[in-house]
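Questions regarding the structure given below will be posed in turn.
For clarity, chains are labelled A, B, C and D in written order, and residue numbers in each chain start from 1.
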Amino acid sequence: MWTMDPLIGVEVEMVDNAEMMMGTPDDDGRFGSFGGRFVPEPLIPACLELEAAFKDAWGDPVFVEEYESILHDFGGRPTPITFCRRLSEDLGISLYLKREDLAHTGSHKINNVIGQALLTRRMGKHKMIAETGAGQHGVASATAAALLGLECTVYMGELDTQRQELNVFRMELLGATVVPVTSGSKTLKDAVNEAMRTWVTQVDDTHYCLGSVMGPHPFPWMVREFQRVIGDEAALQSKELGIGTPDYVVACIGGGSNAAGMFAGFADSTAQLIGVEASGGAAITSGSPGVLHGMRSQLIQDDQGQISEAHSISAGLDYPGIGPEHAHLADIGRARYEQAGDDEVLEALQLLASREGIIPALEPAHGLAWILREAGRGIPKGSSVLLNMSGRGDKDVAQVLSILKGRP
Amino acid sequence: MGISLSERFDALTKEKKKLLIPYIMAGMDDSWLDIVEAVIDAGADAVEIGLPFSDPILDGETIQEAGLLSLANGTTAFSVFAELAKRSLQVPLVVMTYYNIVAHSGHERFAGEAAAAGITGSIVPDLSLEEVGDWQDVARSHGIDSVLLVAPSTPHERTREICARSKGFVYAVARMGVTGEQGALSDDVHGVVSKIRAVPSPPICVGIGVSTPEQAFDVSREADGVIVGSALVRKILDGEGAQGAHAFVSSLREAIDR
Amino acid sequence: MWTMDPLIGVEVEMVDNAEMMMGTPDDDGRFGSFGGRFVPEPLIPACLELEAAFKDAWGDPVFVEEYESILHDFGGRPTPITFCRRLSEDLGISLYLKREDLAHTGSHKINNVIGQALLTRRMGKHKMIAETGAGQHGVASATAAALLGLECTVYMGELDTQRQELNVFRMELLGATVVPVTSGSKTLKDAVNEAMRTWVTQVDDTHYCLGSVMGPHPFPWMVREFQRVIGDEAALQSKELGIGTPDYVVACIGGGSNAAGMFAGFADSTAQLIGVEASGGAAITSGSPGVLHGMRSQLIQDDQGQISEAHSISAGLDYPGIGPEHAHLADIGRARYEQAGDDEVLEALQLLASREGIIPALEPAHGLAWILREAGRGIPKGSSVLLNMSGRGDKDVAQVLSILKGRP
Amino acid sequence: MGISLSERFDALTKEKKKLLIPYIMAGMDDSWLDIVEAVIDAGADAVEIGLPFSDPILDGETIQEAGLLSLANGTTAFSVFAELAKRSLQVPLVVMTYYNIVAHSGHERFAGEAAAAGITGSIVPDLSLEEVGDWQDVARSHGIDSVLLVAPSTPHERTREICARSKGFVYAVARMGVTGEQGALSDDVHGVVSKIRAVPSPPICVGIGVSTPEQAFDVSREADGVIVGSALVRKILDGEGAQGAHAFVSSLREAIDR
């Protein structure tokens, strides 16, 4: 988007609402018509307290410095940008990866939990609870809690605890208690429900460390801010590496935190922002507006407003909702949301492993699958494409083995 | 047309009568409507009609279980309204559900069909003070009072605002927790009721965790009424049917009228 | 060690043979009486070619820059130093970790394989073979091969392929071929034998990418050089962080590459260098001099000179030998070698996880176990101790689970 | 005392006799010494006596298998020397093992006991030109010639040096690979032999992968002798015993004398 500036008489890059893109939500926590704070009254004071504490902390250089230094010294930031030489040649584009897979615990989730754990301590609380699906956010939360000496309880659908026995044990090693959730569909969304139910009983000394840009205000905003380090770093690195502004910035979408963090760094640029959902959990592209887990957003639901379970190859994307800010970005056309299916995702994973020596998590493999499908088609040859490699594939190797080789 | 919640409750409260509001999960059982009639016969001043939702974050195990049964039976908001419309029930009916069920139908349609079924009150626990406005306006235009919650954690000024906005009654949350039977009444009850008493409010009904006639009696000494959900639903789940529900609600009635 | 400098009349830090410590071995590849090139004649020309190629490359700024930039952009270097606040308080020392667990593929092994893969290409070869025990070096080799488009075959004892099915699949995903080795004891040392046997048949187009500071000259030297980035970085970071020279620099010892890389950065300092072997594979502390896999070093062997199998909880330390330079450092007293047993290692792993939010690999947990045992005893209170956290524990979680919970 | 390897081989070569050196893994079988006698009877000019090592990096499957058997039988270098000392064998005996076995005993002791057992030659394949010196000196002082290897990959200058140092014969490695039976002779044979022919050297014996009388014949057209290991060991592993070994070595003898 270029336009003639009447004042200075030269063509300038024009960005709609440059100042407004991915800014602070309004007082009710709205991003356009999405977001808000749809929780029972007992939780409202805790949300208000959290909002105040976050605003205060995020404006406090001492807090920000501690957050940043933990991410650096402990979390392994900055994560690099890797140029995929061989795949780029194959595809006729320039493909770059932002390597969140190299962050401590193996995904971007650590950025958020460090922020929230520090905030927990700052609020004078000494316990954290968290929900988890496949276990990434649970492991990250347990890690941050161990680091800061907080108690940690992780709610995990009973089915997921069985599927992810090793991640359960990992959390236990980190000193956390894992509670199998037996209500509802016994998966991620029920773990969120259960965490909220528990939070009600413990708001005094407990912070609910939500794992994505979802839930009631201020969570979608706060988690995005704790994840924006991804995009801010990437934008700077893109400049330093001579990429400039990438033509496309791509991220997978579960709740949407890695995408939100990445997009935040490029919202005011000319980059096309692409969020890729799992076909079986495509809240934006196949869902409709609704209210769940404290937020108004796009949801997968039946014709009565009952929430559906999401189903894909990737546990981390199996969430029937999406962060409200994404629903808003879709609404105003600032970001585009696409889908990727299980088969092409498996292929993308194998291709990146064998061509570039990086085994991606199944989640970011969705982003890659879209790129592979569209390179030379929707994505013109010669484009620069930056994919957020949100996590490493080690956690998924057993699953991929059993799918590809039919082993149990 | 239904019986106005606020008019009935104001009148009863003026007579110093304690209010009794049993909760029943609609569609959890083929005979749920008979049970509704039975509890009215046993002395309910209003009945809270739960509509099942897949993700009931303010409900504990018992009501979750009832909700899953109801969903498995194919219950929808409109199937419930249609069934209710066939009976003429002599107390105010208060629909209780989560906001997505309301929002998904659209406020106008939901309120219209609810009203046609005799509903005159609503409790949508995930619509907080800040979010409830739109729904409340539409509901009011259909003669439905929307009831808001005050929790033990609600600060004073906010309590005042909520009580000013809550219609029919104000739902005093008895404890920091979700619905579910409790062995003992929470210490929070006293605090939350007296906090509400300190500001202008409609009648104060205490719910969440009030399980036995004894507890109902204790609550009724402070508040204007009691809401009994999980304990009743448990009996229905256990197969006690209309008769068992009748007996239980009678015992509650007796306790609060003591 | 301080002494009065007679020339300038002030006290200066004195280091014995400062210039000589961990320098270049002699022309026959000796570190003192250890090292050498004990391989059959067919392999000698390949070793000579490799030595020449390495010398040439390591002196070529273009090569070094490519090596460094891959380690940075792809490998995630520099890895941070993490201060363990809670454990330090518990122990009365200042405990720091050099975080090789954050490097791509989860351990320091990547440093070496990137160097050797680049060298393979530079020598005009297009295949790499490698041995692996638990799979870390195999995965790293497969990764580097994928990155540079080399063919890769990994030799792995048949028993190990069964125990480490997921790592086998990981290598396969990365495009490598894994060959189960059925000879001898079917474990790591036999995988080395088999790789050497195969190398003989393919020296023309194949480089043998050895995984530690072992084997015939120039491997022990070359691998140490490719790993010295750990120590060089750590020495610089210690200065920057105000640690100065740590009192103790500790690393676990399998073949000895992570230790050698770390020690290289501190050899000329006053730091006490401590290598910690697994009790069941303690080549220096329980072994005797001998010749295996092309080198003269300390070995675990029976009274006839037959090599014993090493046995410990940690596959990565189950090597009956040790890099010759360590044998030499022990000889001259520059480094000290200690042992840690399985039980204390398991405890160390759990402690670091629950107190600091880092699940270490079982290998570096040996180093930590020694520190835990000696803090306040052999290690005086108040000491600064830098441990090389050579890898992450994810690979070991299943094993630890089955040991601690008796699950299969 | 043993029969000097270099003297015997020099003499035979001068007579234009082709040299035949069968390899037997000591201790792989209870009757291994009988087999040694049988192959001598069948025309061996020297016998290579393998001592088992846990990590034989220049050996393929067959000799590995024989080595493991031998180790399982409790064979040690000194048990082998003791057994050999009891027989008086009429050809030079060449011990073949890996350096750790030698080094672990100590050069002096190993050489002394070997010599006492009648050993007059040694092949220690992992002692390269650069490393062999110490051992060679000690060995020589006990009348043991140490044989060095030249490989297809060995460059010219190095070939010259190796040949100058090798005593008794020079071991020409027939192919880039480990010991083991081969269907066909490697193309490398010609190259390695002519490379050695171009420099001064003791007799040239070709080994590694020479498996059949046909191949032995082909090799003997170019070289001074052949070493046959795996093919013979395989027959012993297959239970063919002294008789089978005798027959096989006779056929080799016949072929190279053709």
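The working rule: a contact is a pair of C-beta atoms (placed from the backbone, for glycine too) under 8 Å apart; a residue touches a chain by one contact, two chains touch by 3 or more.
Everything numeric in this text was worked out from a predicted model, so none of it was measured.
Novice: Any chance you could name the chains that touch chain A and chain C both?
Specialist: none
Novice: Taking each chain's centre as its mean C-alpha position, how far apart are chain A and chain D in Å?
Specialist: Chain centroid spacing, chain A to chain D, equals 67 Å.
Novice: Can you give the whole-Å distance between the Cα centres of chain A and chain B?
Specialist: Chain centres of chain A and chain B, defined by C-alpha means, are spaced 38 Å apart.
Novice: Let me have the rounded angstrom distance from the C-alpha centre of chain B over to the C-alpha centre of chain D, please.
Specialist: Here chain B and chain D have centroids separated by 97 Å.
Novice: Enumerate the residues of chain C that touch no fewer than two other chains.
Specialist: In chain C, nothing touches at least two other chains.
Novice: By residue number and range, which residues of chain B touch two or more other chains?
Specialist: None at all.
Novice: When you draw the chains as points and link the ones that touch, which shape shows up: line, ring, star, complete, or other?
Specialist: Shape of the chain contacts: a line, open at both ends.
Novice: Which of the chains touch, listed as pairs?
Specialist: All chain pairs meeting the touch criterion are A-B, A-C, C-D.
Novice: Would you mind writing out the residues of chain C in touch with chain D in their complex?
Specialist: Answer in residue numbers: 28, 36-46, 183-184, 189-190, 193, 196-197, 200-203, 289-294, 296, 299, 301, 304-307.
Novice: Using the touch rule from the top, collect the residues of chain B that touch chain A in their complex.
Specialist: The contact residues of chain B facing chain A are 53-61, 64, 68, 71, 76-77, 98-101, 103-105, 125-131, 148-155, 158, 162, 173, 176-178.
Novice: Residues of chain C touching chain A in their complex?
Specialist: 72-74, 76, 79-83, 86, 99, 102-104, 106, 142-147, 149, 165-166, 169-170, 173-175, 349-350, 353-359, 393-394, 397-398, 400-401, 405
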